[in-house]
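Before I ask anything, let me first share the structure, which is written out below as structure tokens.
A, B, C and D label the chains in the order they appear, each numbered from 1.
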Amino acid sequence: MNSYWSDIINGGKSLVVGLGITAREFFKPVVTEQYPWETPTMLPRFRGHIELIGNEETGAPNCVVCGMCQRACPSNCISLDGQKAEGGKGKVLTRYILDFTKCSLCGSCVESCNFNALRFSREYNLASFDKNDFVMDLMKRLEDQNRCKH
Amino acid sequence: MNVPVHLRPDETFVLNLGPQHPATHGVLRVKLTMDGEYIVQAEPVLGYIHRMHEKLAEAGTFAQFMPNTARMDYLHALAFNHGWALVVEKAAGIEVPERAEYIRVITVELNRIASHLLWWAAFLLDLGGFTPLLYAFDDREQIIDLLERVTGSRLTYCYMRFGGVYNDIDDEFITGTRAFIQRLRGRLPRIYHDLVTHNIILIKRIKDIGFVSAEQCRRYGATGPVARGSGISYDVRKNEPYSVYPEFDFDIPVFPEGDSMARYMVRMHEIEQSLRIIEQALDKLPGGPVMGKAPKMLKPEAGYYYSAVETARGSLGHRLVCDGGKNPYKLKLRSPTFSNLSLFGEVAEGMLLADALAFMGSLDLVIPEIDR
Amino acid sequence: MDLTETTRAALAALFPGATAPAAPATEDETTSAAAEPAPLGVSVLDPARAGTWLAVHCRPDQVVEAARILDGQGFFLESIAGVDWPDSGQMEVLYDYNRLGGATCRVLVHARVARDEPVLPTISSVFPAADWHERETFDFYGIRFEGHANLIRILLPEDADFHPLRKDYLP
Amino acid sequence: METSIWRALFYLVGIMAFAALNAAYLVWCERKGAARIQRRSGPTEVGYEGLLQPLADGLKLMSKQLLVPRSVDGIIFRLAPVLAMIPGITSLVVIPFSGNIQARAMELSLLLIFALASLGMIAILLGGWASGNKYAIISSARAVSQNLAYEIPMLLTAITVVMISGSMNLREIALDQQGGFWQWNIFRLENGHFLTMWVSFIIFFICSVAETNRAPFDMAEAESELVAGYMTEYGSMGYGLFMMGEYINIVVGACLTATLFLGGWDCPFGLTSGVWWFILKIYILIFTVIWIRWTYPRTQIYRLLNLSWKILIPFAMANLLITAALIKVF
């Protein structure tokens, strides 16, 4: 019989304590971030899609078309090619396409590049209606960045 | 105990719980033969999110499988990274520096707390309480920000490499983690226990529901909180120590009752134990490199290798067979939830539909990990 | 470790006729996974290297016997994995057992069957956990387990007619 | 009560407007209250602080097409949502908003409200049965057993109030409690009623929450178990009508509790009693219902029935006896 009474008393107490907690939470300030008006700042190591790094003065990409990143990628999203440089030494990058629909952001490409030519960008709002928007031409993106820098 | 009351055993109907159902948290389908609201026979049907990770492992090199590990149990992705890194390091004989081991333990334990918090939120959601979800996600967001600071991703981490970790942790991460530990310790007794654990409605809802005996756990191979809720003290971190876990003292919460309440309490205590581990790991964090020397193209020696890791849901095993080539010859992923769910059919007989969902919630299922 | 010894002694009962199996000398390349089958018998391995304490190579029909012995010793079935050795025309099934609580001693049971007629007795009578694992191995390799309650596909769609993890499977 | 046509028209439009506005803006209060409890901000985009959100929801519900699945019993399927609305609105007729604002002061108005409340239960049963969906049938079976189990303690506690105020007419009950909060039934000092009245207030409040299928007793529309309970197959206005019916039932429950226990339109200090005090009391009670919903998990069907048959009904009966004894003694 006493479990009947203890249930009622303890139960009632726990219910009232529960209401008290939610009441206290009711008057506390809002925790959520009102997204469109307050945009979040990305952390330095945030992994957006990869982008090319151009050296400061000339703005040309550091990439020497060695193709290490192309081989390292598990889902082969990177396709690049280049041609002989005029001066005859090394290659110049002409085309660098990233198929971001297949990329799993594992970082093998950035890790495998020994010429500091690739890094993660901090793009996070990448919504679009068309799949082809995610097949990105990183060369054009580098040029846009250079243009808006000067 | 739920004594099956079969009023009209001949008039049963088949109810499909899932694959699209709010309580299955993923695409699991359970074919229930019901008599009124009592379950006569329950049979989980799997495969709705099967992606054949084992064939993907055989297709790519060892390093290329690391991102896949995070896509199986996305709630405790770092433990899956850790399991895969461990088995390949065993096979190829790679040494991991001391600091990398400590960073691995800290990030895995943080991820375990995040996984338990999300389980707690989803479990309360199944039982009809909507508010605790927001409080748990508030805390979980702190962990996600901390891990994003060091690994770069929020849910599917690809942070561990054979021989160490991708990049080092900075002081902001350490101070942030210590602040998080104080904050969660402050909130646990009030928000998590007073509002929910001691609530009479919750106690009545999960006490003596879904009783799983220790023998059933052994015969079905259930591990993790499900086994520890039935009185079996089996935790891979203690029974088969790996990495630097022997250096921390933490105890394994074991509850003998075997009902949903016991599994609930096991996970709540595990959050506190993980906080203790992180604190000790931060105090003893050694200096030194974060990445040992590992050959670029791994060709481990032919043989059969196995590594077990304690994830939030149980013991995750990687059965690896190498034939000396640069691709794994055969990888069998022993996922804990696959075995934990296999005992659902036997335990759910004679239960009410509402109890069966409370029982399924207490098993903490992650469907992509079952289907692989 | 006494547990490994007692289990090894119990498992040795599986091979009464065979001459004393190779003394528990760990083979030099720890776990030879070459195509040719290892000798029947129980061998102790170095756990740090292979992750398993004991390796048992037995004939397919002894699988249920081994399961019963390990069940008696309080082991639980961790996983069942199939391996396809096309060049030696064989299929191999790996049973992993481990202790639930107390000392840890993982036992790996190898069983090899012919590749074109892969049939093994089921151990779901001893360990109900095997029910799903065997269905999965059948699903991926086409290895049939006699006496299994309902040996149907578990993860692939019901109407799939291929076994993807076989080495000769071309999508 | 002269029966001029203008007066009837005024009350007809008044009650419909009161019901519709309440149903719409209670949804807004619920979403804002739930958001505040969960430390988030609720609807803020449509209109200032989301005030136009109920309007937007209403228009959306009306513009959507009402899908009637083939395997469904057409007539009952369309009838059920309307039937869920009728009892709510008709019981507003007899609620005394204040001294002179009452549509129809009937002699047995309390009995009318309870009769209509059980009619609402039939609407849920019809809705669940007609939609031919397994989840809906389970949910309507639960709803029936739950409403039945909670009708009895509600009646018992209502009888204790009728015994004290001597009449079934809500207007007399409210008039009987005029003059300051010590006159209200819940604190009634005279012949010691306050001893038993707060118990019947609590029981009555619990039953009114259970009667309207509100958490923690929302077994009928258990989102995480039965998908959406009896409303699973309903599309636009079908769902809309069921929701409006539920919110109007909450309003009626709050009005009834306020009239029976909190002294209707009476001001706590007996000075400026009027319809504002009545509205204030209703909204405090409704906020408590919302507050309870976002705090507790859901009970399980048998615990729910046990709570009613084993705890509420014995307490209600004991309460009834004590009140009768008190009346006899003093």
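The rule is short, and it goes like this: a contact is a pair of C-beta atoms (placed from the backbone, for glycine too) under 8 Å apart; a residue touches a chain by one contact, two chains touch by 3 or more.
Nothing here was measured: the structure is a model prediction, and the numbers come from that model.
Undergrad: Looking at every pair of chains, which two share the most C-beta contact pairs?
TA: B-C
Undergrad: Rounded to a whole Å, what is the gap between the Cα centroids of chain C and chain D?
TA: Computed from C-alpha means, the inter-chain centre distance equals 64 Å.
Undergrad: What is the distance, in whole Å, between the centres of chain A and chain D, each centre taken as the mean of its C-alpha atoms?
TA: Each chain reduced to its C-alpha mean, chain A and chain D end up 50 Å apart.
Undergrad: Per the centroid of Cα atoms for each chain, what is the distance between chain A and chain C, given in Å?
TA: One centre to the other, that is 43 Å.
Undergrad: What parts of chain D, by residue number, touch at least two of the other chains?
TA: Answer for chain D, listing residues that touch two or more other chains: 37-40, 294-296.
Undergrad: Please output the residue numbers of chain B that touch at least 2 other chains, ranges allowed.
TA: 131, 135, 138, 195-196, 199, 201
Undergrad: Could you list which residues of chain C touch at least two other chains?
TA: In chain C, nothing touches at least two other chains.
Undergrad: Run through the chains and report each pair that touches.
TA: Every pair of chains meeting the touch criterion: A-B, A-D, B-C, B-D.
Undergrad: What residues of chain D sit close enough to touch chain A in their complex?
TA: 33, 36-41, 44, 291-292, 294-296, 310-311
Undergrad: In the complex formed with chain D, which residues of chain A make contact?
TA: Going through chain A, the ones touching chain D are 4, 8, 15, 18-19, 21-23, 25-26, 28-32, 34.
Undergrad: Residues of chain C touching chain B in their complex?
TA: On the chain C side, the touching residues are 29-34, 48-52, 55, 74, 76-79, 81-84, 94, 96, 98-104, 106, 108, 127-129, 131-132, 140, 153-157, 164-165.
Undergrad: Which of the residues in chain D come into contact with chain B in the complex?
TA: 34, 37-40, 134-135, 138, 141-142, 215-216, 218-219, 222-225, 227, 294-303
Undergrad: Quick one: which bits of chain A touch chain B in the complex? Just the residue numbers, please.
TA: 7, 10-12, 14-15, 17-18, 21-22, 25, 31, 43, 45-47, 72, 74, 104-108, 111, 120
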